[in-house]
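Heads up, the next two complexes both have subunit A, just with different partners, subunit B and then subunit C.
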Partner chain A sequence: MSLAKRRRREMRAAFLMIAPFVSVFALFFLYPTLKVVALSFTDAPLIGEGNWVGLANYAKLLGDRLFYTSITNNLYFVALTVVPTTVIALLIALSVSRLKGRMQALVLTLFFLPYVLPVSVVTMIWAWMFDFQFGILQPLIATITGKPVPVFKNPHWVMPMIAVVTIWWTNGFNVLLLIAGLRNIPADLYEAAALDGATPWQRFWRITWPLLWPITALVLTLQLILQLKLFDQVYLLSKGGPFNQSYVVLMQMYREAFQLNHGGYASAIAMVLFLFIVVLSVLQFQLLRIRGMRK
Partner chain B sequence: MTAKRARNAAFSGIILIAAAIWIFPLYWALTTSLRSENRIVSDAGVLMDELNFSAYTSVLSTSKLPIWYLNSVATSVIITAIVLITGMMCAYALSQLRFPGRKVLYLVVVGSFMVPVPALYVAQFVLMSDLRLVNSWWGIILPQLIVPVVVIVYKQFFDAIPKEMREAVLLDGGGEFTLLFKLYLPLNWGITAALAIITFISAWNNFFWPFLVVTSEDMMTIPVGITQVNDAFGVAYARMMALALLAAGPVIVGYLIFQKRVTEAVMISAGVKG
Partner chain C sequence: MFESLQDKGHATGVHLRGARKSFGALEVIKGVDMDIGRGEFAVFVGPSGCGKSTLLRMIAGLEDTSDGSIAIGERDVTHEDPADRGVAMVFQSYALYPHLSVYENMAFSLRLAKRPKAEVDAKVREAAGILQLADHLEKKPAQLSGGQRQRVAIGRAIVRAPEVFLFDEPLSNLDAELRVQMRLELARLHKALGATMIYVTHDQVEAMTLADRIFVLQGGLVQQQGAPLDLYDDPSNRFVAGFIGSPSMNFLAATVESRNGSGIRARPVGQPDTAFDISLAAPPDAGTRVTLGIRPEHLVIRGDGLRVTVDVAEELGGVSYQHGTLEGGEPVIFQQTGVRHGMSGTVQTVAPEEGRIFVFDEGGGRIR
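Showing the complex of A and B:
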């Protein structure tokens, strides 16, 4: 077989093999991506044609008080979840990795299990736990504040408690990544440090923390992106209320598109979220990398 | 030595208590689901001292749970199968074959990671509506077929297979498809299982997209369907918890059976191991 013929056959096989993925990808991912961009410059309803309005949707966004509320709430939620969940996951991972055999497997299972649950199961369970009349957590809340609190209907409690539910649900993933990271740290480093008389505290800050940093940075970045996409828990627990205290960007996109029939405006909101996530994740990843290198 | 052992035992005990507190909401849901509605509003003992299955039989006979199971199983299985087959073929071409546009394709796949999928939902919904697929299995399935991580993970694993093995098959007259399905795939059953598990779990648990594209109760998947019952029951805690646990049952059991694979899959998909 000539070389040219072989190359042709190789190319034909390649195109046949990428064709299914590429066509699905183009039709259901690339096309919608371009479509969102295009829609954001129109006054289209959800279904149907609209007129080109240039930057009008974006101009409207700049004056939309609710949009600022949404962004603020998104950032508040990020502050409530990203670092706390990473710290909790790190504590759990460090503890679990000290256990051995079956005990370790059991404890890890218990911490990881919530992660595999569907979000609506998670919110149903927590709505029951926090139930104003019969929730098992209300006596606890009453001892702290003096009276029961309808947490998802209270403007001060709603975001922190959605954060608690979210951390409970998604923390197992972070624990797993950090445990994998801890296992990759060579054991002889600790032995050498122990011989030199290093305290556990020193061992953590001199060995574990710097060597684990790439994974910690990964966890922080993944969490940041994940938590900015908050929608399900808010929709299911508080519908964005009370007084818009848990209204977030995707909630607003959903309402504009599917309840108010503003496809164009909703697309502009989606574009802002899109840019937000791209910029923040690139930025955060770079920052974390630089800090990691200095150590 | 005994002091050290005592310290270790105490440490294990503390961690076990912490884990028990962590899993308490799930235990409490189970306990609640096994009680009568009357008891729940009168007595809040935490022990699981009653085994009353009436909430379960009531939920199974009055809700559309069986149909939602069917919808969830069908859509999740189809999504997993298509994602794996298209992903592995694409990864094979990217890893082993030379063709124009290869680098661009790889960059696009990697870059697509950064796109927050919910930002596309408005456009995807318009597309599904144009294709007349709203309220259908395919409407649920099609936008969920884009899982770039499958391509990337397969490519890494295919890259690691020695070239000599491929030359041997080529000399025997085998083509590229033979190579993929007779050599590269069998060498990677482990990773295939892992990728299948994470794809399946995320399809099964997806709430936002099926919630948008399905409005008829008969087409709902489990995570969406159970939120409907929620409103219909009114105050009925035992039934709500029974419903939640019936909905979560398959993933919980699946996780407990394939525990090691799930853990492995999560790590591989995040690029930590592999």
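Showing the complex of A and C:
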């Protein structure tokens, strides 16, 4: 068989193998994405064609006060979740990795369990636990604040509590990533450090922390992207209230698209959020990488 | 050269008394007594699983000692932390800190000890000079070759000027050529520093070439200790006899045919035409079953003796090793010097040189 012929055969086989993915990707991801970009320059309703309006949707967004509220709430939520969940996951991973054999597997499973639950079940569990009348957490809240608090209807409590629910729900995955990272650090480095006279504290800061940093940076970046896309928990627990205190960008997009039938405007919101996430996460990952390199 | 790193009389001996180590129900070190002298190069050698690495890690403090005691110099360190024992260790995997430069790797322990910057710098540069690492101080371990990484690991140990150096199979990750070269460098380093060194290896050539004293371990016990040539010339049991020397000693089952005041006449099993007269201080009774041990280099071609059918000849240039079998199928190796090809497929008659037969009893103990 000639070389050219063999190459052609290989190409055909390669194309056949990626075809299922490419077709599904093009149909359900690429096409809708391009459609959203196009839609954001029109005044189209959710279904049907609209007129080209240029950058009018984006101009309108710049003057939309609810959009600024949403962005602020998104950033507040990021501050409440990204770093705290990473720190908590790291502490759990460090403790779990000290356990041996079956005990380790068992404890790890317990921490991972919430992650397998669907969001509706998670919010149902926590809505009951925080229930104003019957919630088992209300006595605890009462001992701290002096009286029970309807947390998802209280403007100060709502975002922090959604953050708690989110961390509880998603932390297992971060623990898993960090444990994998910890396992990759050879044990003899700790032995060498022990012989070199490093205290446990020094062993953590001079060996574990710098060697785990690539994983930590990955966890931080994945968390940033995930938490900026906050929607389900808010929709199910507080509907964005009270007083828009938990209103977030995706919430606004959902309302514009599916409740107010503003397909074009909703697309513009989606585009802005998309760019926002891309810029922030790329920026963050680069910053973290530079920090890692300097070490 | 390297005055500040040279031993200033603080090298010390290492003394183990009834040292034992168990992992759960499994006892891997079954009561070891040893005295390693000041400035001595001691080598623990044995097959894998014999406990040699565990014993080294017990001395380092990386494994608890289940029973018995370990002293470094006058000091009982059995329950002390690794860092307080005054030992430095070179690991088989090198265990270099991958995120730190060569310089930082070597400076690590001194910086933890909060030594003055100038002193740290002087010591690191001096060690780098000895180990030919001066041009690589800013590199990360990943950018170095295997031999260079090994040198960094040694450098990290010598900047600490420990009382005792511990090496855990440090050369086994290197290729053959580099291993020979590093072996020489280690021997020079030991001479230059005059420090006490304990070295673990499964390679008896490393043991023979480096050691002042070899400890042969097997089954968690020291089988024999002594200078390399003493172990070669006078093994105290069959295990040591087979382990020291390359290729290994030939072993032949034999029966004592007769005894007299100064020795025995022993006939190998299945060899009606051959018997050897061996002089022994304490000859066993006639009829006793024994094992005869003869090194390949002590078998010479003669008119009478063992008839060996040679099937494979390993020709190394200067010497060749002839691998073959006796009529009963027992494998025999004999060494030839100055003989070129042509022995494979032939039958040769070989016999041991005078006084070069070791006799072992059925339990593997030596009969002298």
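As a working rule, the second predicted complex is superposed on the first by the 295 of 295 C-alpha atoms of A that agree within 3 Å, B and C clash if a C-alpha of one lies under 4 Å from a C-alpha of the other, contacts with A are read in each partner's own complex, and residues count from 1 in each chain.
Here, contacts are C-beta pairs under 8 Å (C-beta built on N, C-alpha and C of every residue); 3 or more make two chains touch, one makes a residue touch a chain.
Not measured: the values here are computed from a predicted model.
Aligning the two structures on subunit A places subunit B and subunit C next to each other without any clash. When the two complexes are overlaid on their common chain A, residue A:Phe204 makes contact with neither subunit B nor subunit C.
Angle at subunit A (Cα centre) between the Cα centres of subunit B and subunit C in the superposed arrangement: 80°, in steps of 10.
In the superposed pair of complexes, A:Glu191 makes contact with subunit C only, with no contact to subunit B.
Set against each other, subunit B and subunit C differ in how many residues of subunit A they touch, and the higher count belongs to B.
Look at A:Phe25: by the touch rule set out above, it reaches subunit B but stays clear of subunit C.
Within the superposed three-chain model, A:Trp52 lies out of touch with both subunit B and subunit C [touch as defined at top].
In the overlay built on the shared chain, the residue A:Val96 is in contact with subunit B alone; subunit C does not reach it. Contact with neither subunit B nor subunit C is seen for A:Phe243 once the two complexes are overlaid on the shared chain.
In the superposition on chain A, contact of A:Tyr68 is made with neither subunit B nor subunit C. Here the smallest spacing between CA atoms of subunit B and those of subunit C, following superposition, is 9 Å. No residue of subunit A touches both subunit B in one complex and subunit C in the other.
Across the complex, subunit A is touched by residues 60-62, 81-83, 87-89, 91, 93, 95, 97-99, 108-109, 112-113, 156, 160 of subunit C.
Looking at the complex, you find that subunit A touches subunit C at residues 186, 188-189, 191-198, 202, 206-207, 210-211, 295. Those residues of subunit B that touch subunit A in the complex are listed here as 11-12, 15-16, 18-20, 22-23, 25-26, 28-29, 32, 40-41, 44, 46, 82, 85-87, 89-90, 92-94, 97-100, 102, 105, 108-109, 112, 114-116, 118-127, 129, 142-143, 145-146, 151, 175-177, 180, 201, 204-205, 207-208, 212, 222-224, 226-227, 230, 237, 240-241, 243-245, 247-248, 251-252, 254-256, 259, 262-263, 266-267, 270-273.
Note for the complex: subunit A touches subunit B at residues 7, 9-11, 13-15, 17-18, 20-22, 24-25, 27-33, 35-36, 39, 46-47, 92, 95-96, 98-99, 103, 105-114, 116-121, 124-126, 128-129, 131, 133-134, 136, 168, 173, 176-177, 180-181, 215, 218, 222, 225, 228-229, 231-232, 236, 250, 253-254, 257-258, 263, 266-267, 270-271, 273-274, 277-278, 281-282.
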